[in-house]
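Here come two complexes built around subunit A, the first alongside subunit B, the second alongside subunit C.
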Partner chain A sequence: MAVNPNYTPYHPKWYRRRIPIFWWARKLSYVRFISREMTSVFVAYGAVVLLLQAWTVLRGDDTYRGFQQWLETPAVVVVHAVVLLIVLFHSVTWLSLAPQALAVHLGRYRVPAGAILAAHYLAWLVVSGLVGWVLLGR
Partner chain B sequence: MDSVTLEVQRYRPEDEEAPSWQSYRVPFRADWMVLDALNYIKDELDGTLSYRWACRMGVCGSCGMTVNGEPTLTCATYLKDQPAGPIRVEPLRGFPVIRDLVGDLTDFLEKLKRVQPWLVREDEPPLSAGEHLQTPEQLAEYKQYSMCINCMLCYAACPIYELEPDFIGPAAIALAQRYNLDSRDQGAARRMDVLSQHDGIWSCTFVGECSAVCPKNVDPAGAIQRYKVAAAADALTSVFRPWR
Partner chain C sequence: MRRSREPLLWAVFSAGGMVAALLFPALIFVLWVAAPLGWVSPPTHGQLAALLDHPIVRLGAFVLLSAVFFHWAHRFRYTLYDGLQLYHLNQLIAVVTYGVATLLALVAAFLLLIP
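Up next is the complex of A and B:
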């Protein structure tokens, strides 16, 4: 698309601000955003631990038991408790965005934001219950 | 308090390499907006100060500036609502500064054209067929997005736009949604070609500040996320029903 030559976006005299590396520290809402994004690393960590656990099951009893023993060491328990809190923070902040992203209609009726949020929490509870049942129920 | 200090960012490209601050003492009036104080400076103290404004009633979207770090319409921001101390006025972030408080908005205007913010029709019924009727529910689907006044506060609040200047940006995407959701429009597929690119909706990481600062409650962040859901559904459909 042709750009008006009188208004080139690269005019050498126009001032462009340098963006500071800690731009996100300027405002609480940016800090909240960065926290939400950065905590996704811990979600990934949780997924990796779960995959490793599944892999040790495939490798046989000894490997699985060794991994379980590592999981039960006090330092790992403390670290994983902190990771759990961080992942909960990520999940809550992530779920709270759902109503803004979804416009659900039932016929002519638009489902209110609260109901969409409640449905997400309900789904979270159901899936967590299922996982808990698989892991602990036997 | 009978007067207040405004610290205004000046940039005179013929004289200086980078912006500097200039302080002005202006009368404090309870019913004055920041724009009134700038107009006082322009009329009474320093005629060289440059800034944009037009309607003074929050409709034209011209007087957006950064006041004490927040992007805002200066015609809708009371002096009395600002914290004690000097009031800092800067141009909107994210746009190259031409002079003083005037930013260059060409980038936005080019991007806006790319999303085709007008009613697109593939077929045009004859005039004898009458108007394109629309129910109140159909109107409600897009009305919120039609309230955009192109004030650029959402771009100034969006850190992604400043970090990734190719990002089409909140207002342009919200305006694309305004037409996508209009029952009279048939251009959604054309807009999808533009918006589903990396510099379209997928650059947005949902900071949400665009919606927080919008003076018209347009909720561009919501528009973008809704469009992401639609684009993902479209991609899935094209996998399972490639013949459609």
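Up next is the complex of A and C:
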């Protein structure tokens, strides 16, 4: 992939077809690709708000309660339900790419894609259980 | 020749994506959906304060959140680059996305690590 080659003034002009900005809107698989990449925006929102929430905890009980009240605002709950769905989409698409990103060899034997996928989903299950236990177990 | 920063950026992108994939659905479901709707009782301040009292937990939160910020930066950069075909703005987009991620990581360090 050529990344922005530094042009010389005498670089020959290539023939390039102009591609419209919304080229990806024409086919479902392209839309899915762009949606998958765009989950990163919502993931970043999640990280920012989790950071704020942790900070309110460090600030003290009052700040934490105030934040809790904001979280209970109906509009905020609706937005966060949507964020949850998009983050779930991130998780599913991310974990399903794991077998392609990770080739595990045991000696000369290559661990099959299905096993790598299953291991990642198992890790997701375990981590989610731990999160629930830490947050809700008293 | 200059060594490429691409492998390092990809590693952080990948780590952040994994953090978000494994941790975020459960955190968001419990803290932002189930607790506000009253399906579960929200964690008390004392409970979370005790958790964040450990410097290791705060350091861990800082590292994980920073990785997620760079995950966003890397992915969003290439979505603009490939998706919107903004090849001529490559350098500007890289500076803005990684710059914002660096800024957010610094804010996280400030909020979590400085007592």
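Keep in mind that, in the parts below, the second predicted complex is superposed on the first by the 123 of 138 C-alpha atoms of A that agree within 3 Å, B and C clash if a C-alpha of one lies under 4 Å from a C-alpha of the other, contacts with A are read in each partner's own complex, and residues count from 1 in each chain.
In the analysis below, a contact is a pair of C-beta atoms (placed from the backbone, for glycine too) under 8 Å apart; a residue touches a chain by one contact, two chains touch by 3 or more.
The shown structure was predicted, so the numbers you read here are calculated from the model rather than taken from an experiment.
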Examine A:Lys27 and indicate which partner it touches, taking first as subunit B and second as subunit C; both and neither are also allowed. first
Should A:Leu106 be classified as contacting the first partner (subunit B), the second (subunit C), both, or neither? neither
Once the shared chain is lined up, is A:Glu37 touching subunit B (first), subunit C (second), both, or neither of them? both
When both complexes are superposed, which of subunit B and subunit C contacts more residues belonging to subunit A? C
Output check: A:Trp55 vs subunit B and subunit C. Expected answer is one of first, second, both, neither. What do you get? second
Just subunit B (first), just subunit C (second), both, or neither: which does A:Ala75 touch? neither
Taking the superposition as given, does A:Ile19 touch the first partner, subunit B, the second, subunit C, both, or neither? both
Residues of subunit A that sit at the subunit B interface in one complex and at the subunit C interface in the other, please. 3-4, 19, 23-24, 37, 101
Using the touch definition from the top, list the residues of subunit C that touch subunit A in their complex. 14, 17-18, 20-33, 35-37, 40-43, 45, 47-49, 51-52, 58, 61, 65, 68-69, 71-72, 75-76, 78-79, 83-85, 87-88, 90-91, 104, 107-108, 111-112
Subunit A residues touching subunit C in their complex are 3-4, 19, 21, 23-24, 34, 37-38, 40-41, 43-44, 46-51, 53-55, 57-58, 60-61, 64-65, 68, 71-72, 76-77, 80-81, 83-84, 87-88, 90-91, 94-95, 101, 123-124, 127-128, 131-132, 134-136, 138
Counting only contacts in the complex, subunit B reaches subunit A at residues 11, 13, 18-19, 69, 93, 96-98, 104, 106-107, 110, 113-114, 137, 159, 162-163, 205-209, 211-212, 219, 221-222, 225-226, 228-229
Considering only the defined contacts, which subunit A positions touch subunit B in the complex? 1, 3-4, 7, 9, 11, 13-17, 19, 23-24, 26-27, 29-30, 33, 37, 97, 100-103, 108
